[in-house]
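Paired with chain B in one complex and with chain C in the other, chain A is shared by the two complexes that follow.
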Partner chain A sequence: MTTTIQYILSGLAIGGIYALVALGFHIMWSAARAVNFAHGDTLMLGAVLAVVGVDAEIPLPIACLLGIIAGAVFGVLLERFAIRPFTATSNSIGWMLTTIAVGVMIESLATLQFGGFSRPLASPGVKSAVHILGAGVYPQELAIPVFALLVMFGLKLMQRHTLVGRAMQAVAHDKRAAALMGINVNRIVAFSFALASLLGAAAGVLVAPVIQVSASMGALLGLKGFAVAIIGGITSAPGVVISGLCFGIMEKFVEGYISTAAREIIGFSVMILVLLAFPHGLFGKREVLKV
Partner chain B sequence: MFLQTMVRSSVAVAAVLGFFSTAAHAEQEPCIGNSAATTGPAAFGGQSIKMGAEIAIDEINAKGGVLGKPLRFVQYDDAGAPPRGVDNTRRVALSDKCVAILGGYHSTVAVAQAEPVNEIGIPYVGVLAANTKAIENGKTPNFMFRVSAKDKWVARFLVEQALKSSKTGKIAFLYENTGWGNGALPDVKDAMSKVGKELVAAETFNWADQDMTPQIIRARDAGADLVLLWALDREGNQILRSMDKVGWKPPIIGAWGIAGNLGELAGPLANGVEVIQTYTFMGSMDPKKQAFWDKLKAKYGIKDPSEIKMGSGVANAYDAVYIIAKAIEKAGSYDWAKVREALYTVNYDGLVASYEPAFDAKDPERQDAILPKYYKLTVWTDGKLLPLEQTSYGKSN
Partner chain C sequence: MRYLAPVCFFIFAAILVAVPLTAGNEYELRLFMLFLIYGIIAVGLNVLVGLAGLVSLGQAGLFALGSYSGAILSTRLGFDIVGSCIGAAIISGLFGVLLAYPTVRVRGVYLAVVTIAFGIIVENVAIEWQSLTGGTTGLSSIPKPNILGIRLSGFAFYGVLAVTLFVFTLLIHNLKISRFGRTMLAVAQSETASRALGINSTGLRTLAFVISAVTAGIAGTFYSFLNSYISPDIFTFSDSVRFLLMVILGGAGSTFGPVIGAYLLTYLPEYLQQFQLWQKFAYGALLLVVMFALPRGIVGTLQWAFNRLRPPAPALAATEGLPVETTLRHEKKMLAAELVATALTVRFGGLSALSNASLRVKGGEIHALIGPNGAGKSTFVNTISGFYRPDEGRCELDGVELTGRRSLDIARLGLARTFQNTELFGEMSVLENVMAGYDQRLTYGLTQALLRTPKMRREERECRQTAIGLLAFVGLSQYANEEARFLPFGLQRRLEIARALAGRPRLLLLDEPAAGLTTQEIDDLEAMVRRIAALGVSILLIEHHVDLIMALADHVTVLDYGQVIASDNPTAIQDDPRVIEAYFGAPLDRAAAVGAGA
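Let's look at the complex of A and B:
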C-alpha cells in the first residue's frame, strides 16, 4: 500500500513537470499553429538564470523573478525572429528547424557559461520530506502538479472572461477573420509566446530544487512534454494536464514493477498506440479545415 | 578501361599513403599528447589532466628535459565523443608525432582508442577512465597502459570495504545505465562471488532521472543494508533524496563519479557517503602534497583545494608524465616501440603510488600501474570530500 502511494506521489511530481511543459506547447499551438521546440530550454533558461542570479548575490526571490522575466523576453524574441518569418505561408515548416536550432544554441551557450556540473537552487520546499500514509515526498514536489492545475484553470478563466483571452481564441480559430475584426494578430501571437515562455521559465524555477539545474536539464523534459501534449490533444488544456499527470504516474509504476530500462520503451509505445486509436489525442478536438 | 584507371589510381594512392605512414613512423618528437573532454559536462576532467601534466613537464624541463630536449604537451578536445577521440589519437601520433598519448575522462572514448593505438603502435597511458576492457583488451603487443583506477580492482576494493561495514553482508548495487555503469556490473558481481556472496539487488537508472524511489524501495525490500553506487553527482543526489523520501538511510560507498559536487547538491544528505579516489588535495597535507599544491596554486590561480573537482586526475597525469619521461630516458630514444618496452622497467616514487616497477610485461593485468592498495576512501563531510581517516567517520569504523 505504502509503495503504491509512493509511486503515485512521485509520479504526480514528475507528471506535474510534464504537464507544465505541455501547457506551454498548448498555449503556443493555440495561438500560432506553431510551437517552440526549444520550450524545454526555456525551462532551463529560467532555472539557470535564477542560479546565476543567486551566485551574483541577488536575493533568491528576486533572482527567480528575473529568471522568469528573462524567459518571457526569450519567448517574444524567439517568436519574432525564429517563428514569424517562417509561418507566413500556411504549410511552411521552417519554424521546426529554426526553433530546434535555437534550442541547441542556447544549450551549448549555457554549457559554456554555466559549466557541466548540476547546481542546486535553494528552496524551503526540499528541506525535509513530508509523509503521507507512509510514503515520502517533498512539499516542493507536491507544489508542481498543484501549480499545473492552477495554470490550467487560470487559462480557462482568461480565455472566457478577458478580451485578450477571447482574442487568442479568435486568432487560433482563423487568423484572417480575426485580423478583419480588428485584432492585431501579430501582437496576440507574441503575447501567447510570452505567456508560454513565462510559464515555462516559472516551471523551470519551480522544478529546479527537485531536479537540480544544469544546461542539459531541459532537453528530455521538452521532448516528454511535447509527447504528453500530443497524447492529451494539444488543443485541450485539461487534456494535456491530465495526460501529463497520468504519464508521470505510469512511468513510476513501470519503473517499480517492471524495470527502469522498460520505462521509455513502454512510455513511447503507449504514445504511439494512443495516437493510432485517437489521432487527435485523448482530449483533442478534430479541427475543421475550410478549404 | 574505367576499371583499369581505378585500379591504377588506387595503387598509386596506396603507394603514397604507404610512403607517408612510414615517414610518419620514422621520427618521433619529445611531446606528450592528450585527448580528453575540455568542453561539455566533463570539461573538469580535461582540465585536471592538463594541470597535472603541465606541472610535471615544467619540472622536467627545468631540469633539462628528456634526452636533452624540452618536452611539450598538446591537448585536443574530444568532448567525450569516441570518434573525436580516435581522430585525436591519429593526430597526436601521425601529425604531432608525439612519443606517447595520455587518456581522458570517458571510458567509451578509451575503449574506442584501443584499436587505433595498437594499430599505430604509440604508447597510450590512461589517467582517468577506469573501464577494465580498454586496457585489458587481449592484444599483444599491447600499447594501452594506465596510471589510474581500474574498475575491476575498484569493484574488488569497494566490495571488500562494503563487507567490512555491512552487518548482514546483504549489499545492493545501484549503477547508471551507461558504458561505465554497465561495464562495472560484471566486475562487482565477480568481486562478490569471489567471497562467496551475491548482490541482493542490482538496480539501474538513466542520466537525468529525477526520482529513484522505485529502485530504492526494491533495494530496501530486498533486505540490503549497504549500497554500492556507480553514479555521477547529479544522479547520486537524486538517489540520496529518494532515500530521504522513503526514509531509508543505508551506508553508501561509491565509485568516483560522485566525487565532484555531490556535497553541494545534496547538502547534509551527502554526509557519510564514501567515495574511492586515487588522490585528494582535501584535508591536511604532507610536505610532498603541500609542495605540489603550492605549484598548482601559483600556476593556475586556484585558491582552495575544493576548486579542483578531480584531484585524482591531476595526480595521475603528473605521475604518468614522469613515468613516460623516465621510460624515454631508459630507452635512450623517442621511438614508440622502445619506449613501450622501457615502460615495464621504470621504477618511480610518485604522488599516488610507489611504482616498482610501473608495469609488468608478464602479467596482462599489470598494464595498470596503480595497485588497489593505493586506492583511498574519502568521505563527504559538510560539503567537503575529506580523507576518511581524517574524519569522525573513519575513526568510528
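Let's look at the complex of A and C:
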C-alpha cells in the first residue's frame, strides 16, 4: 500500500513535468503547426541557468526567474530564425532538423560551460520530506502537478477572456482568416512560442531540485513530453495534462516493478499503440479530410 | 546527358577499386570500409526520404537490429557472413513493415516521433534482454567475416562491402527511374491525386520502409563483423540524425548524393576530433548550415545549377508520341460504361450533404450534374470515386459494385476524375505527371524494375509514348519538360485531364473544369470534351457554367440541398420551374400566392 502511494505521488511529480512540457508543445503546435524539437533543451536551459545563478550568489528566486526568462527568449529566437523560414514548405523536415541542430549546439555549449556532471539545485521545497499514508515525498514534488493543473486552467481562462488568448485561438483555427481579421499572426506565433518556452523553462526550474541538473537532462524529458502530447491529443490542453500525469504514474510503476530500461520500452510502445488506435490522441479533435 | 549515369557509375567503380590499392595503412582502409557501411544505410534511407518523402529518425534502431541479429546468428548459430546478412535483412525488413504501418494514419512530425520512439525502444530492449544481447556490456568476440567457413582477408571483406554498396546504388538508381520511383514521388506530393489514379500509396510507402530497413539491417551485420564488438551505446538518436543528414547533405532523391553525404560524414568527425569538446557543437552547426545554405544537398544543388545554365530542353516532337486514337479508344462493344448511383445518402454530423440522390450516366454520353453552391455536387463526386463512404445507397459501374471499394480500386475499374482545386504533382515535370497517370496500365513488377528487363523497358517506352501523345492531344507538348507547378492555371486544368485520361478510363468525372478559365479557354475545353467523348469515354461533368452545359450535355441532372430535383435533356431542364426556383428563387407571382395563402 505504501509503495503504491509512493509510486503514485512521485509519478504525479514527474508526470506534472511531462504535462508542462506537453502543454508547451500544445501551444506551439496550435500556433504554428510546428514545434520546437529542442524544447527539452529549453527545460535544461532553465534548470542549468538557475544552478549557475545560485553559484554566482544570486538569490534563488531571482536565479530561477532569470533562468525562466532566458528560456522564453530562447524559444522566441528559435521560432523566428529556425522555424519560421521553414513553415511555408509542406514538408516538416526543415524545421525538425534545424531545431534538432540548435538543440545539439545548445546541449554541447551547456556541457562546455557546466561540465559533463550532474548537480542538484538547492530549494526550500526539498529541505524535509512530508509523509502521506506512509509514503515520503518532498513538498516540491507535490507542488509540480498542482502547478501543471493551475497552468492548464490559467491557459483556458486566458483563451476565453483576453484579447491575446482569443487571437491565439483564431490563429490556431485558421491563420489566413485570422490575418484578414487584422490579427498580427507572426506576433501571436512568437507570443505562443514565448509562452510555451516559459512553461518549459519553468518545468526545468521546478524539477531541478528533485532530479539532478545536467546538460543532457533535456533530451529525454522533451521527447517524453512530445510523446505525452501525442497520447493526449496535441490539440487538447486538458488532454495533454491528464495524459502527462497518468504517463508519469505508469512510468514509476514500471520502473519500480521491472527496470528503467523497461520503463522506456513500455512508455514509448504505449505511445505508438495509442497513435495507431487514436491518430488524434485520446482527447484530440478529429480533423475532417477534405478533397 | 544520356550517358551521365553510366559515366558516374564507372567513376564510382574506379574509385572503389583504386582506394584499397592506394590506402597507406590498415586504419585508413578500415575507415573507408566504415564509409561503405554508412553508404549502404544512406542509399537505402534515400528511398524513404528522397522518393517517398517520409522522415525516419529511427534508422539507428534498424541498424542496431541488423547488427544484433547478424552478431547473434554468427556467434550462437555459426552462420557465415552471407547467412547472417540474410537473417538480419529478414528481421529488419519485418520491422520495416511494422514501422510502415503507422503511415497509413499519420505522417510528418508524428511519424518522425514514432521512428524516434522505435529507436529508443530497440536501444532499451538491447539493454534489457541480457541473456540474448549481453545487456550494457554488449556482444564481443564476434567471429571474423567468413563465407562457408573460409575466412575472408581484409581485402576480401573490403571487396564484399564495396560490391554491396555499388550494387545497392545501382539497383536503387534503377528503382528511381522506374514506375516505383515515379509513383513514390507522386504519392509524396499528392496522396489524394495518387489514389484517384489507382496508385497504391500504402503499398509504396511500405516498400520504401522495407528497402530502407533491409539496407540498414545488412549494413548493421557488416558493422558487427567489422567491429567484432557491439553495445547499445553505439546506436543512439544522434546516429539516426547523422544518417538522415547524410541523405540531405548529399542530396535527397539523387542517385549519388547519399554516397557523397555518407563519405563526408564519415570523415568529418575524424577531422573534427581536433576540436575536442567543440566537436558536437560543430556538428550541430553543420546541420544548421546545410538546412539554410544547401537544402537541396550537394548533388541537388549541382543539378539545379546545371539545369539553369544549360539551354532549355527541346520541346518533344509530337511524332514521338502515339496518337490517342490508338492508345485510348475503347471497343464499340465496351461502350456500355454505365454509372448507376442509387439512393445515395451522405451525412456529416447532423447535416445531410446528399439525401437519396440517384443518377444514371449511360454509356458514351456526356452527363452534366449542376446545382447551386452547397447543393452536394462535390460530395457526390467524392462519394462515387470512393473518397467518402455513403451512409446509405450504392453505386456501380457496368454492374460492378463500387460502394465500399477503395478509391484506388475504383480508379482501376475505369473511373478517372479531376479535382475542383487542381491536384497536380507540382514538382514533377508535365510529362511525368501524365506518365504517373498511366501507372495502372503497367504490369512489370519490382524485380523487373530493379533489373531493367526488356519487358520493363518496352512498357516504359509505351508509357512515355502514350503520355507524349496525350500531351499533344491537350496541347501541352511544348511544356512537357516544365515543372507542373509553373504552368498557368488554365494549362494545369488541361494537364489534369490528360493525366486522368492516361489510365484509359471508361468514365471521366470532371469536377468544375471550367472554374477560373477565360472565355477562350472554356471554348477550348468544350472542344476537348467533345473529342474525349468521341473516343468512347463516358463523361460526368460537374459544372456551373450554363452555356457550356447547354452546348455539351446529352442529359442534365440538377441537385439542390442534396436531392435530385430534376433530370432531363438540357432544353427541358432550362424550362423546369423547380430548377429556376433553385437558382433564382421563387417567381414573384408564386411568392405572392404563397404569401397570400399564409
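By our rule, the second predicted complex is superposed on the first by the 278 of 291 C-alpha atoms of A that agree within 3 Å, B and C clash if a C-alpha of one lies under 4 Å from a C-alpha of the other, contacts with A are read in each partner's own complex, and residues count from 1 in each chain.
Methods note: a residue touches a chain if its C-beta (ideal position, glycine included) is under 8 Å from a C-beta of that chain, and two chains touch if they have at least 3 such contacts.
Everything numeric in this text was worked out from a predicted model, so none of it was measured.
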### Query
Which partner does A:261 reach: the first (chain B), the second (chain C), both, or neither?
both
### Query
Between chain B (first) and chain C (second), which does A:92 come into contact with in this model arrangement: first, second, both, or neither?
second
### Message
In the overlaid three-chain picture, which partner chain does A:13 touch, first (chain B) or second (chain C), both, or neither?
### Response
first
### Message
Contacts for A:223 in the overlay, against chain B (first) and chain C (second): which applies, first, second, both or neither?
### Response
second
### Task
Would you sort A:111 into first (chain B), second (chain C), both or neither based on which partner it touches?
both
### Message
Applying the document's definition of touch, where does A:138 land relative to chain B and chain C: first, second, both, or neither?
### Response
first
### Message
Contact-wise, after the overlay, does A:4 reach chain B, chain C, both or neither (first, second, both, neither)?
### Response
neither
### Task
Using the superposition on A, tell me which residues of chain A are in contact with chain B and, in the other complex, with chain C.
111-112, 259, 261, 264
### Summary
Listed in rising order, the residues of chain A that touch chain B in the complex are 3, 6-7, 10, 13-14, 17, 111-112, 115-120, 126, 128-129, 131, 135-138, 210-212, 214-217, 220, 252, 255-256, 259-261, 264
### Query
Touching chain A in the complex: which residues of chain B?
39-44, 177, 203-206, 208-211, 213-215, 217-218, 233-234, 237-238, 241, 244-247, 260-261, 264-265, 267, 309
### Complex interface listing, chain A residues touching chain C
34-35, 82, 85-86, 91-94, 96-98, 100-105, 107-109, 111-112, 219, 223, 226-227, 230, 259, 261-262, 264-265, 268-269, 271-272, 275-276, 279, 288-289, 291
### Query
For chain C, which residues are in contact with chain A within the complex?
49, 53, 55, 57, 101-102, 105-106, 108-110, 112-114, 116-118, 120-121, 123-125, 127-128, 192, 237-238, 241, 244-245, 248, 277-281, 283-285, 287-288, 291-292, 295, 348, 378, 382, 387, 419
